[in-house]
Every structure is written in structure tokens, then in C-alpha cells.
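Which chain is which? They are A, B and C, in the order written, and residues in each are numbered from 1.
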Amino acid sequence: MRSLIDIVDFSVDELKEMMDVAIDIGNNPAKYSEACKGKKLATLFFEPSTRTRLSFEAAMWELGGSVIGFSSASSSSAAKGESYADTAKVISCYADIIAMRSPVEGSSYVASINASVPVINGGDGGHCHPTQTLADLLTIYKHKGGFDNLTVGFCGDLKYGRTVHSLIGALSRYNNVNIVLISPKELVLPDYIKEEVLEKNNMEYVEVTSLEDNIGCLDILYMTRIQRERFDDPEEYERLKNSYVLDVEKMAKAKSDMYVLHPLPRVNEISVKVDADPRAVYFEQCLNGKHMRMALILKLLEEKAKDPVIVDRFAGEKLLINRYRCTNTKCISQNEQELDQVFKVVDEENNVCRCIYCDKLA
Amino acid sequence: MRSLIDIVDFSVDELKEMMDVAIDIGNNPAKYSEACKGKKLATLFFEPSTRTRLSFEAAMWELGGSVIGFSSASSSSAAKGESYADTAKVISCYADIIAMRSPVEGSSYVASINASVPVINGGDGGHCHPTQTLADLLTIYKHKGGFDNLTVGFCGDLKYGRTVHSLIGALSRYNNVNIVLISPKELVLPDYIKEEVLEKNNMEYVEVTSLEDNIGCLDILYMTRIQRERFDDPEEYERLKNSYVLDVEKMAKAKSDMYVLHPLPRVNEISVKVDADPRAVYFEQCLNGKHMRMALILKLLEEKAKDPVIVDRFAGEKLLINRYRCTNTKCISQNEQELDQVFKVVDEENNVCRCIYCDKLA
Amino acid sequence: MRSLIDIVDFSVDELKEMMDVAIDIGNNPAKYSEACKGKKLATLFFEPSTRTRLSFEAAMWELGGSVIGFSSASSSSAAKGESYADTAKVISCYADIIAMRSPVEGSSYVASINASVPVINGGDGGHCHPTQTLADLLTIYKHKGGFDNLTVGFCGDLKYGRTVHSLIGALSRYNNVNIVLISPKELVLPDYIKEEVLEKNNMEYVEVTSLEDNIGCLDILYMTRIQRERFDDPEEYERLKNSYVLDVEKMAKAKSDMYVLHPLPRVNEISVKVDADPRAVYFEQCLNGKHMRMALILKLLEEKAKDPVIVDRFAGEKLLINRYRCTNTKCISQNEQELDQVFKVVDEENNVCRCIYCDKLA
């Protein structure tokens, strides 16, 4: 049995296979309409997210299954102090597969090693949000046929945008992908991603501040929202929020086959007038997300049917138990009862270790 | 493709047809139990409403479909600043039909022109609540066989009660309907409804203050709740809330075939002791509401299957784009990103224009 | 038609029958997968409870039915002042059976006498929570084959723990059950339960303070959580919360066939390390709860099909109408509109009367 915690839990080949299934689902929905008959998805949303939750729920209904769950922490047992591990064990009595969102980093992973059903990470704080990346990948795949040799621009909040980090990680496994990082200075991509993803994989990248000057070279433009909740200082938010708005004028400078993606919700970083442009594929991306979630549910249930034993995501890695203590206050290792502190050695020579729950450095 | 925003979106003939379907549904539920198999209803409730939401959900399940949605704004993307237009586009990827409630007037209409599926207005602030009116109409129809020549009393909060306004509008299309308006002075029917609905359609009406003195002449009594949330001054609410309570004594003065309707929830404006009276049909009205929502879902899905192009609700009307600005702070035109201000000319001679979103005067 | 308000609403024979059905459901789920096709369960949760709500919902889906409902009072009409009686009448238009949780004691009973469908009490304040007791009973039954001659320990919060009170009441109907009450002095079992249940039924019981010293004699250990919300004084909570933690050391002193139950959620009163012990059956208990809820739904729907008239739970009892007034501020008789004050005479000689809604003394 496997779960999906981070996009890299799946190999490039597995992603390809799932994208082909997702495309088939879109073309032949009737073929899949009873694929999960009698199965139940639990959507455990400890923080609200309409889009992600409804996408999962729609996915399960279209597979002929059914859905139980909650949409905010206040309607859950978490309010009574229950651990994620126990919640996972209990929900395993009620559902065949779990999709979960929480502000606590690493919570989906902890759930996955305690549940007796597969767990899908629907977002664990600023850590991972792999099903969004599945939607992103399918959208690029459908319009470009693959990922090799593409020039992909990321625009907006590259500092806090976990969807950006995750998609860059996913793209790092293809050949000759060029990355153009477009953001204000305050919101540049964190150094560790440049070092451990871009540089480690020899990806070419540039950091620029102007969307207008750089849009012309792109094959894909990934726009992001500047989120109010990411800023300590509301004034800084006000000053920045209108930067990097994509409008009809800027679209005129882009290639005729440059596609615009956005993880949504959009506030005003893309003008509504751009929606009518055939290159604006962010609403199609939303539909793709549903199809990928359907393919994902099918895959994880199949894997469980083949082998109910939980596959160790860290098999073969060197782990340090209770040697270091994670300092990330949002990490599950600071919140969950009787949970070991575990770090994996990512670079033995330089003694670099990362928390297995939240990926923060020791 | 059509949506239901205001009760007058349907012709009198269409309403008749839907009521007959609703009655057939009540008599032969099994016949409809797979009518929406594989279809999904999204219930987007930006403000809570148990009754309306559960009625829609029960309706869809009884048609063999399934349901996704949210029950309060806090569990939705609205909290992140997403427009109603975008929400509608996204939800169109997940569901086959949308039922929506929001405090923002005109929001359902804006959703309907952006969605690629039919939208049902489940209440947009103080503006419209047409599915309640469908329940009201079916209840009268079942007990009276039609609407012509009836004397209909409205009692309670006639100022803010949108269900009252909507039902009066619906009744204005039948012949010789007499209206008896029973309310405290503070809560009389607004002038514009008297002028533009009652007088324009030559309906006879009287305004009175005593329920007891006037109950004897009625064929239908439509009771309403005096809602705390409508009052700026809590003391005024306390003073008025117990006025106009319908009790067993008043019922004794009514005709033996005078039926009592109430949109519910009831607080204490109808004594519980009245419930046992066969003329008290407000709980049956609730059941009728479910059957009408079933008929409505069927009709809108059929219309979409016939023609997926959105029917323009304002075809043939003279519209003024960005000439006036709506002053209603609850109107969607004050909230939604990049939305044109649009007014329709309702009386060219006297230069009377109304906002197409919220119906307020220019 | 019957409802389940208190565990004693079912006879010992009926419980045996339901447990056998529940076991069959666990062994042959496919046999029941369409048993409630076309039926709807309404889950009316006026206060949040993930576990209980999701267990009911999972139960109904596994019977082939569907589910509507709400998960907090704020998304319900209660916020608008609607009575439980009216809510029950309205929901009866939408669903075939109701599961309900509320902080108001007696609310499920009031709902049950107003609904036209069966009502299951999913917890009414500190009063009753019979479906938890169904889960407890099945768990004991599966491991011990019955209830006669068992020594059952209850540990933790015996004062406020309604699941404890309810299970003791259920066990009082079997033969030679010995009860060991293990708690701090502040949280001992209330006197009225000792008198009216234990002593009245001639059950042997002891009150002790040490878990360690008494665990060795037990056949069943029922652990409970010390709930923060039950304490007026947070300091007293902090002092007590770590008492009576069950750990591996204490388990070593227990019999090899002593099973540990817990109504969950667990906070830290049972060490996570105990989970691996085969005698720890609290997660299995959770699964048993789902199977018992399935058996219960089937039974109540069958009873309704046989006879739609509501069975009077107080038939044959002497009732006093509006003689006394209930002083329990959490009792529905203090909240619901136009509801009679009703007390039943439980001991005519000594003039002992209890409120029929909340069971408090007159």
C-alpha cells in the first residue's frame, strides 16, 4: 500500500501512466463511472479549501464511490486534542481512502503510516500540495505533449508558493527544462530550492523582476497569487499585490502557443479579460485536477489491493532517530503525542540532515 | 441553457408544467429515482440555511444524483477573495448543476452567466429566493387547484420579507387575485412593490393592521417571521416580535378551507397548537418545496441538454452599460472584480432604470 | 415506529439480535450493500463530533443509502431560533431516518415525538449516548461471548463520563457483572447511579483509586478521557489529566485476556505504545460502532415499515404533566417553545420523580 505525500513519491513513469489514465477518463467518463462502487473517500480538511476538497469529492462521485468528511477543524475531533495518528486509525474504520489537508507540516505523512488505507496529501501547511502539481503537470502534458526542452516561467510569490516549489521539483526530473523566475525581490525563490533542486539537477534558470520583458520567451507561464495570509506586514502586501498582473497587453507579447497556468483562486493577478484567450488554461487546469485525482484514487486503491503492507517512503535512506529536534513550530513533530524526532541524512559528507516530516534542516 | 434567478424567469405555463411534474414526483417517486444518475449538484451556501440546502440535497439524492458543496462562507474560497464568476467557472468543472445562496444581491445571476452549468438561486441576500416561491405556489395549487380569484393575506414582516415580495410578484400574473397586507406600520410592504407590481397589474389590495379582524375573508394566509437580523434596533424587534401571532382562537374565525402557509423556520408567530389544524400546511409546504426543486433540477438539466448556450435573461431589454453606478452596498456590482455596471430601462418615458443585478433604482 | 434515545429502549434480547446482525455485517458486507438503497439518513449535529457523525455516515453509505446533514449549529436553522420539534418535522420531509447530536438534554427525545421518521440519539449533552454503548457492548460480546460473570473496570472520569453511566446501565441487565470503579476522588461515579443502578440491581462494585493495583482482576477495562471542557477550574484539570494513564507496565499486570476499551478520542490516557498490544481493542471498537449503527438503522427502518405509529417510550408509566418544573438549565424543557414539563414517577412510595427529558430529579 502506498500513499501520496510528496509529488516525488511517484516516478516519472508512474506519473506518465497516471496522466494517460486521466486523459482517458476525460474522454470516456462512462468507462469509469462504477470503478469505485462501494468505496468511500474521507475528506479530512482541518483547514478550509473549497477547490481542493470539492475536486476530490467530485472525483470520487464520478468513480461511482461515495464521500464522508469534514471541512474545517472546528467540526473535527482535533478540537478535542486527538492526534493525527489516532484520527487516521479511526477514519480507516470508515473509509477506503483518505484525502487530507492540514496546516500542520508532515501531518499527512504521519496519518499515512498509521492508517490502514491510502492517504493523499491535499496540502500540509507550506510543505507539499502534490495533487495541485498533478493538475499542473497534466495541463502542460496535454498542451505540450511532454516536459523536455520547455521554458517555464513562474511569476508572483515564489517565496511562499508551495505549488511553485512542488512544480519546480517535479520538472527537475525531465530533460533540459529552463526556468524563468519572475518576482519582486521580496518574494524570490528560497535559496535551498535553487541549490538543492535547480543547481543539483543542472537546470538552467534566471531570476528576473519584469514579467513584461520576459514573457516573450516562455512556453508556459505559471502565475501565482500573492496571498494576504503570507505577509506579516499588511502594507507590504498592499504595495505588492498589484505587481505582476497579467493583462491583455502582456499576453500580446507572448508566443501564440504559450499557455498560462494558475493554481487558483485568482484574485486580480490575471485580468478577467485574459480568460477569453485560448492560451489561458487555468480553468481547464481545474478540470484536469479532477481527472488526475480520479486517476490517483484508482492507482492507490489498486496498489492497496495488490499489497496492503505500507511501503516505507524512506527505505534505503539513512535515518537518525531522536538525535536532532525539529525547530519548525508548524511541524507535526512539535505537536503529535509520543512521536519520534526523525531526520534523514541528505548529504553525508557535509552532514546535512532534514526532518522527515517537514523537510526542514536539522 | 437556462438558470433560475428570479421566479419570473419562468412563464406561467412553465410553472404549471413544473407543478404537475412535482405532483407526479410526490405520487410516483420510484419513477424518478434514477433520473439524475451520474449527475452532481453543487450546493454553494455562502451563508447558512439548513432548510434550503437540505431540501436541495434531498431532491438530488431522490433523483439518483449526488451532491457536493459547502455550507458556510468560511469553508469556501470566498474567504480568499475569489470572485463569484471564478467560483462559478471552477464549480462547473465539478458539478452538473449549481444551487447557490449568498448574502450578495445579484451573485447568483453573475454566477449563472459565468458557469457552464445551470445555476439555481437559493437566495441572494434580500433580493430573490425563487425556490421558496415554487414551494409556496405548489402548496396553493394543490389545495386550491389554481390561483385565479383567490384572496391571499400576507401577515408579519412585509417590508423585508423577500418571500412575500416574490410570491406577490408570482401571483400578479394570475387573474383577479386579491391581496390583504397585514402588518405593523413599521413593516408595511415597500411602495415600489405596490406601484410596480400591485398597481401596475391592477391587483386589488388593502393594507390593514389587524390579523384577527381580517382573517375571515382569506383563502390563503401567508405568515412570516419577524427576523431579528432585519432590525437595527433590538428594542423595536422585542416590541414587535410577538405581534401577529396566529393561534387557535384566530384560526376559529377563518374559513374552513383557508390554508396557512409559512416559509419557515417559525419561531413563535404561529402557536404550536395550530399545527394539528388540517388547514396548517406549512410542513407540507416544506415537502412540496423538495418536490418542486426536483422538478426544477430536471427542467434545467433538460434545457441544458437541448441547448448548452446560455439564454440571455435580458434579451430584448434596453440596457445601459457603465452609465450609472449602483448604490446598493450589498449589490454584487460593488464587490465583484471587473464587473460592468449595467442598468435596464424599465420605463423609458420617465427614465426609470434598475440595476440588472439587484433591481435597485438608478 | 421506534427511536433510540436511551440504551434501555432496547431489551436484552433485541440487543443480542442486533449484535448478531452487526457481526454478520462485518463478515458479509456485500450482503447489506443495497439494504438501504433509496433511503436517506440525516445527520443533524448541533455540536461537532467527527467520530460519531462519520461513523453514522459511513454506516449509511455501506447500506447503499445516502446522507444529508450539518455538522455544527452555526450552519443550521437553530441559529434562527427554530425549535427541535419543528426541525424534526421539517427534516422528516427530507430523510428516512435521523441521527442527531445536541448539547441540549432531551432534544433527541423531543425530536423523536415530532418526527415522522425514526430518530437516533447521537448524544444529547451529558444525558445519553446510546450508540457508543452499542459499540461497547459489541466489543465485549465479540471478545467474551456474552456479559454474565464478567468483572468490568471503569477508569478515569466516572463523574461526567456519560459513556460510563450508559454502559453500567446496560450491563446492569446481565447476571453477576462485577464493577470496579477506578477514579480520583474528584471524579467518582455519582451517587444516584450507585443507588439506582448498581444497588437496585444488586450488582457488586468497589470504588478504588489505583489502576495499577486493581488491573489484575479485570476481564474488561473501560478507559475514559478526562475532558478539559468538564472542568470549571483549569488547574484542577492540569493536575488530574495525567492520572490514570494506561501504559505498557500496567498492561503487564493484567490478565492475558483482559481487553481494553475506550470511547475515543484518546488524548494521553493510554500510551501509544499500548496500541500494539492485542488486548487493546479500542480501534476495533470503533469499527464495531459502525457495524452496530448499520444494524440499528436496519432495525429502526424495519420497525417503521411494520408500524409507522410512534411507540410511546413511557407507556405504562405514571406521568405528571406541568406539576414540577425541571431545574436543569441544559434540559430541553427550559428551551423549547410551548413544551410541557413532564415528570415520571420512578418511586411512588418515596415520591421520587424524574424529568422525562433529562432524567433529573424533581
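Keep this in mind: a contact is a pair of C-beta atoms (placed from the backbone, for glycine too) under 8 Å apart; a residue touches a chain by one contact, two chains touch by 3 or more.
All figures in this text were calculated on a predicted structure; none of them were measured in a lab.
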| request: Call it same or different for chain B and chain C: same when shared residue numbers make up over half of all numbers used at their interface. | output: different
| task | Using only the C-alpha atoms, find the rotation that maps chain A onto chain C and quote its angle between 0 and 180 degrees, to the nearest 5. | result | 120
| Interchain centroid distance [CA atoms averaged], chain B/chain C, Å | 41
| request: Scan chain A for residues touching two or more other chains and write them down. | output: 66, 71
| task | Could you pull out which chain B residues touch chain A in their complex? | result | 38, 40, 42, 66, 68-71, 74-77, 79-83, 85-87, 89-91, 93-95, 337-338
| Which positions of chain B touch chain C when the two form their complex? | 33, 45, 48-51, 54-55, 57-58, 61-62, 66-67, 71-72, 225, 227-228, 264-268, 271-273, 275, 283, 286-287, 289-290
